[in-house]
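Given below, in the form of structure tokens, are the structures.
Consider the two complexes below, in which chain A is the common component and chain B and chain C are the respective partners.
Moving on, here comes the complex of A and B:
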């Protein structure tokens, strides 16, 4: 199963180390393959350094592609995390 | 997207470029990796003229323009620079002074007009090389690129299989890190691949339980490299008892990246297997193979020879026995 959705970075400082850690932690146990697509780059969202290379600032629109058996659930959790600005 | 400005900023100094006119057009896009001498097009023959290429004016073009009367000069130049074309830039070789009609048209249509000291041939060669490099196919892949005994080894595998730890072990033994986690791969001329890291995370690693470290600061500048050709791919995998791993190494596996075939090794990991040592061995064995010696094949042919000689002996003895 593959789910693709656009999400917006909402927290003030953008995707810095703390939100990236939050994302990686969230995805640690999921079985699906999760990728963030921004401009020409498509990166593995389970790797903290990869997320950091995007250096996404507030307001950036990222395309999230989740592929795997638990795709729906992962996407729901991930969208929520982006929506709440990773609790910042 | 590659702009004339990018070309000027990055390579302007190397090519000795100097902007003469049309500065406003620095934002024009370069769409093809080609540079072109418009010789024939200047004569008015425009069939098949591709208007997306950077135009290079050398001695022939300049002399020819000088010989034309001003009106024809304008109309001919207009035909290759005008709004119907998408010429990104014009470069004059040998520091020729541009005819004023050329300056006028470049200003009018906002086409950067530059000149350089280089000879036309030299400029054409260097520019083509730079452009093909810039336009060469590239991709991002997940993995860690290290240089082991001069061999570029791309370590791949699922997250937390131990790629970064293996790389750290290699660095500690004096090998070099190119990039961890994200490897940008570019296909170079001659069909070889080059890997490099993202600007921001270059020379950084993330180790579980420690965090993000800067390898260049920790181990010194000798332990890092900016880019390296990718020679072999090693995939680390958690040991699976049901999988049959290569025991001999006569059949060489390969994998495909950007259409280039690379030797591929599947390396199972389990406690007690020294991955660092194994990676060093793979790299050394690869070097040996490139020098023309294949351990596994050599061993196999020796074995076959021995069997053949035994058979001969056997046949000889069976013939003589009755």
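Moving on, here comes the complex of A and C:
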């Protein structure tokens, strides 16, 4: 199963080390393949290093593509995390 | 960075005397010089395992750092390090690196660094400075991993072009040990003190060494000339024609002076009024013994047993040690040798020794280490006792700080001896046992130690460091690290008088023993034996032969009345100038240079 949707970076400092850590921890146990697509880059969302290279500031619109058996659940959790600004 | 075409003089601290003229050779940090080489298909697995081990070690570092921060209640730091731990599990740093090793068949340190460089490029391209700054975390992690990866394959000074002046931020004892005299003509570093182990090794090799030089400020042409004046601690970049000639002449003069002194092998080490001194050598390697015999040393006053093993992954077995010690003892050709048990810890660690203490010089080093690692200690004592059957051996314990330590060490020695005797191993019937006095507490109770020792040996390097509470490798404090401090003179006098009272001899085996300006002072204070790096035997013998015990005693009395290190130093300099005016290595007065 593949789910694709756009999410907005809402927290003040953007996707810096702590939010990236948060995302990776969230995805640690999921089975699906998760990718963030921004401008011409498509990166593995389970890699902190790759997330950081996006340099996504507050207000950035990212495309999230999740593919795998738990895709829907993963997308739900991930959207919530973006929505709540990773608790920042 | 400014480029100079004119002569530039940089003033640093003198570590090892001598003059050198050569071309710069930049000896860089491990992370900057990762070699690239291909590996065979069979080695891929091993290479990946090596990488995983480096990651594991990096993780352990971070976890112990976290523990420390937690104890100090710095929770922000703990959270940042948590991110570091997670980044170390990042697929880009784990599976991706491993894949790249498999496909490129290159060594993993190189592969790893290439990947990190790619990231650096990506981060450098980011316009937002906040995100660009995030790379610092990654760099930190990358350094940590590379540090562990490069641990086994350390940088090396073996293959350096001839006439090189080695420039480095800092040097280890291993670095200087690898340097070859005909290739490396001098060392210049940013940090490092006069009695660091790197410096001791450089001195033993007679390679001029200047530290506290901030050479990164200026551009030094690779094929340009550099003059190093190890006597004054100055280096001259882009020397003028005139300066070059002046130093070439001086270098030749010094060379001739030293050559002349080396002819003294057959002469006795005695003052001109006939007071005989035991002049022996500090030794690390068997190859140094040739020089000892050539220069007429009276024996080995200090064999540093740990040196031969520092570059190894683990401590040697009893058999390996026995073979080495027997070799030393046999090559002494009947002369006596003092074998000091392992002095590990402080700034001397085995390669893979894991425990990192926050203050190693006040930590578990030398005899403390041996008394804890009893099996290691016993194996060493067995090896020494067995070697004693082949010549004249004494045993010395390093860094004893109380009588109870000496008693415990001696009890273990007796126990080991009994075990060996029960097995009918041949052992010398009499083996003198002594201890080093390098901690003020030991000096203060010298009377108690003298009662239970056959000899005492003063290690001035540590004694000065511990008495004055000055880290000997901290170049910012180098002016405080002063062996002429009145407190040091009083301690030496105290130790000598207690030893005399109990009828046992005292040796000085620290760096001051090898400095001819100190020779009359030490003799005057009542020291019986000086033990110096073999190379310095002729210089010190010359100093002994050019003084009298009467003058030396008077000098010591006068020095004990002075109240500052500077005054005492000046007194020693003046005396030396009088005794050996032709020596331009140590006399810097009344000279243009």
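The rule we apply is simple: the second predicted complex is superposed on the first by the 88 of 88 C-alpha atoms of A that agree within 3 Å, B and C clash if a C-alpha of one lies under 4 Å from a C-alpha of the other, contacts with A are read in each partner's own complex, and residues count from 1 in each chain.
The rule is short, and it goes like this: contacts are C-beta pairs under 8 Å (C-beta built on N, C-alpha and C of every residue); 3 or more make two chains touch, one makes a residue touch a chain.
Treat the numbers as computed from the prediction; the structure is a model and nothing was measured.
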{"item": "Three-chain arrangement built on chain A, chain B and chain C clash or fit", "value": "clash"}
{"item": "Touched partner set for A:4, first chain B, second chain C, both or neither", "value": "neither"}
{"item": "Touching partner for A:25 - first (chain B), second (chain C), both, neither", "value": "second"}
{"item": "Contacts of A:80 with chain B and chain C, given as first, second, both or neither", "value": "neither"}
{"item": "First (chain B), second (chain C), both or neither touched by A:12", "value": "neither"}
{"item": "First (chain B), second (chain C), both or neither touched by A:42", "value": "first"}
{"item": "Partner chain(s) touched by A:53 [first = chain B, second = chain C, both, neither]", "value": "both"}
{"item": "Contact breadth on chain A, by residue count: chain C or chain B", "value": "C"}
{"item": "Which superposed partner A:61 touches (first chain B, second chain C, both, neither)", "value": "neither"}
{"item": "Intersection of the chain A residues that touch chain B with those that touch chain C", "value": "17, 44, 46-50, 52-53, 55"}
{"item": "Touching residues (chain side chain C, partner chain A) in the complex", "value": "79-80, 82-83, 86-87, 90-93, 119, 122-123, 126-128, 130-132, 134, 137-138"}
{"item": "Of chain B, residues touching chain A in the complex", "value": "140, 142, 159, 180-182, 198-201, 204-206, 212"}
{"item": "Partner chain B, residues of chain A touching it in the complex", "value": "17, 41-44, 46-50, 52-53, 55"}
{"item": "Chain C-facing residues of chain A, complex", "value": "13-14, 16-18, 20-21, 24-25, 44, 46-50, 52-53, 55, 57"}
